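Presented sequentially are two complexes of chain A, the first with chain B as partner and the second with chain C.
Moving on to the complex of A and B:
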């Protein structure tokens, strides 16, 4: 029990100290742009409870939809690309070029082609978040254990079953790594797509506050984004622990044996 | 099905296949507007894009914007890397610090860098410093995490040996920490460089600080569609150059490293 308490103190000490530092440093702040922290916190509740259904929920829905699209597409394209070296050789330079284009630079293109509605925003998220998933899936599929592949062939495991028990399972540690990286990219692009042209959403709200010089509200939005990012990464960690429990267990035993 | 022999395509034939893929993609984007699938007003054919790129490349404005972008990118990356190295080595070598900072890093890292855009606008306006704020914040995390991991990865036996031989702190860093951490640092550098470029372009596009991103925004606002596509293509080419450059650096500096030697031997 004391060990847990000590761990908790260690984990929370620095964030608490930094928060206190911000509180104290900003307490007497008369700068218009850097308001005292208590004022930011005071507007946090009223601001965002009023905007929950109009901004926060639509943003989160778009984020999750776009993210899901990126994961499905990334894995769907990554499996054939990982399994076929020739196909990979053909598309690799093209992918390399498209990947190097910063996703925000594609926002104007998608606006031109799809207007400023939800499809554009989803596409922006997918176009950026797909890369880590795709590249990690390709690597994971390439590195599938050969002995297991041979075993599958011996037992006549083919088709969808082979995909499920061998390819996706074997590549899943890498796929999950890619998914983790994709999550933070998806949040960033959700915000960017809304800052550009929108009438709702977190990104829109923050820019709106900034233009209206509602500075404490703007800071509270930035805080909310931080909390959202942190919460999603916590949820993801729980998901990872469940989905990859077998893998972490396997590694632990292997290390124990060695 | 007989087992496919592990045929390894020669580098030349791989390059040929890759070029084929590029030409194919170019052809597809030439055809889509030509057969009217999408209006050429919104998606100009590849040849029109390339022509526009050629036109851009002969104007001085393009090169000035390019230099502005590279300036913001390089300066921001340098600051982030310097900060990441110093803090990373400090945090990575002291266990207590590593534990104490882990939760803070976990909290700060997922804060989207773009959330700082309004702050940058208010504090600095459309100046280089706005770009720097975003670039430094975003590209600091990959290098920091890699350095912490690399420093923590030092072989305990080697560390004890260094202790037993009473290495000076400088010698410990030079002969023990750096060789272990170098591959991590270079990976972090590559990741940070890519992130820094993305944020530099984003800042220019959203805030209007001078650079290629701003030019993209201007082209969009004046509906100079082919020019807009040409600029985006140019940004992509810079991105490729950055990736290829840093990968080459990695190979050079790690020529002695097992991972690179194994790859070369294959």
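Moving on to the complex of A and C:
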């Protein structure tokens, strides 16, 4: 067995076992609210292929747009805050206060101000997913190595090249950590924003099925969210391996020395 | 007398460490002619790194001034390169060896072919032509410091500063790097100012050794090293003259370490 196949088995073994357990445990279920797994799977295909363009794609688009907005804003604000201690001292207490507000609590406010359309949903996603990116970027930029910064000064490396080569790359391990946390927050907020006064999206569909007593369909929506989250985290891993290849290599060598 | 390339006049550096005034450098003057190789030695805590950072324009002196080519230094001058002791932290771990050496040249907006040529030549000079595509952390400590030296050479500075560049490598690598640095210095006719705490290294490498007192730092002796220009790890280090010079520097540093020994007129060129 090759190393890749062995890894695949290790990764998939537990989910497969849990799935099998669900299948067996729900097999003879007569409960209306807990239908057998085969029934959920049977409605999965027809339900979501019919709702692909009306719900699945709009949700995914909002998720990706809101997430991208959170990353761009978080990094864009985090770099100056990390690099300027005085600015940080002024802004940080306010950030801590604003951060303490749970984003779902803002949904009613955003609805009043921006209506129930896509802008409101994007704002909800950005307002929650920005925090891990912003705070990790600040930490990462603060921790940029002094000797590297001196090296840049000596060789006259300034401006955009300094930002790209020293600041953003130096902070990239922390930035990526923040982006990973932000991804799961963005998924949660995407669903929540659609559960309020909405007419499309995965969150809306799940609530709609529940109200219409289409319980297997409701469960299949939850399953779809799980699959969506899992797929996005796989894509994220590929991105991380590319962006932080140097970092993992460096850490492996340091561990080897110790 | 020819005009010096580097002129340090009455340099003084005082730190304010949370209300406690620390006088790192007292009153320090020296100069280097173009093309000279000067070593700075002193007891530990003599402010050698502070001095080098002031010369490099990375720290502002509290009083006095540093001039390079008659221009007052108030920020890293463009004709200067620095090799730091912490090679593991002065190379960009996310850039390949080639890109590390090329980075300062790209900032100068040199043409792409020109950059590639200069980088390859510099890496060949330090014996790392094959490592261009590797990342710094894939190399040994000595090889990483060679990359830092190649980066400095490719930059073609008039003044090259080195801050205890070989303090963190093993003895054999250290000897190799000493000889490499001397041969690069002669080939490129660069002015080399280098700080070390190793007396043997200072005497072996330099044309002139500046001996510093302990803090607050002054120059207690400016010693010309009259060893032949061709130096050899075995022959030079076992010559009687080397032993004499070494003993002289050692005695001065021992004296500098005695408390209160660093009063005015304690030394001077002999």
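Everything that follows uses one rule, which is that the second predicted complex is superposed on the first by the 248 of 258 C-alpha atoms of A that agree within 3 Å, B and C clash if a C-alpha of one lies under 4 Å from a C-alpha of the other, contacts with A are read in each partner's own complex, and residues count from 1 in each chain.
Note that contacts are C-beta pairs under 8 Å (C-beta built on N, C-alpha and C of every residue); 3 or more make two chains touch, one makes a residue touch a chain.
Keep in mind that what you see is a predicted model, and the values were worked out from it rather than measured.
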item: Which of chain B and chain C A:108 touches, first, second, both or neither; value: first
item: First, second, both or neither for A:151, with chain B first and chain C second; value: second
item: First, second, both or neither for A:117, with chain B first and chain C second; value: neither
item: Which of chain B and chain C A:206 touches, first, second, both or neither; value: first
item: Comparing the two partners chain B and chain C, which touches a greater set of residues in chain A; value: B
item: Chain B versus chain C as contact partner of A:165, first or second or both or neither; value: second
item: Overlapping contact positions on chain A, where the chain C interface meets the chain B interface; value: 153
item: Contact footprint of chain B on chain A as seen in their complex; value: 10-15, 18, 33, 85-86, 89-94, 96-109, 111-113, 153, 184, 187-188, 191-192, 195-196, 203, 206-207, 209-210, 215, 218, 221-222, 225-226, 229-230, 232-233
item: Chain A to chain C touching residues, read off their complex; value: 145-148, 150-151, 153-158, 161, 165-166, 169, 172, 246-247, 249-250, 253-254
item: Residue numbers on chain B that touch chain A, as the complex places them; value: 1, 9, 13-14, 17-22, 24-25, 38, 42-43, 99-104, 106-119, 121-123, 194, 197-198, 201-202, 205-206, 213, 216-217, 219-220, 225, 228-229, 232-233, 235-240, 242-243
item: Parts of chain C lying in touch with chain A, wherever the complex brings them together; value: 56-58, 75-76, 78, 80-82, 84, 86, 89-90, 92-95, 103-104, 106-108, 135, 137-138, 151, 155
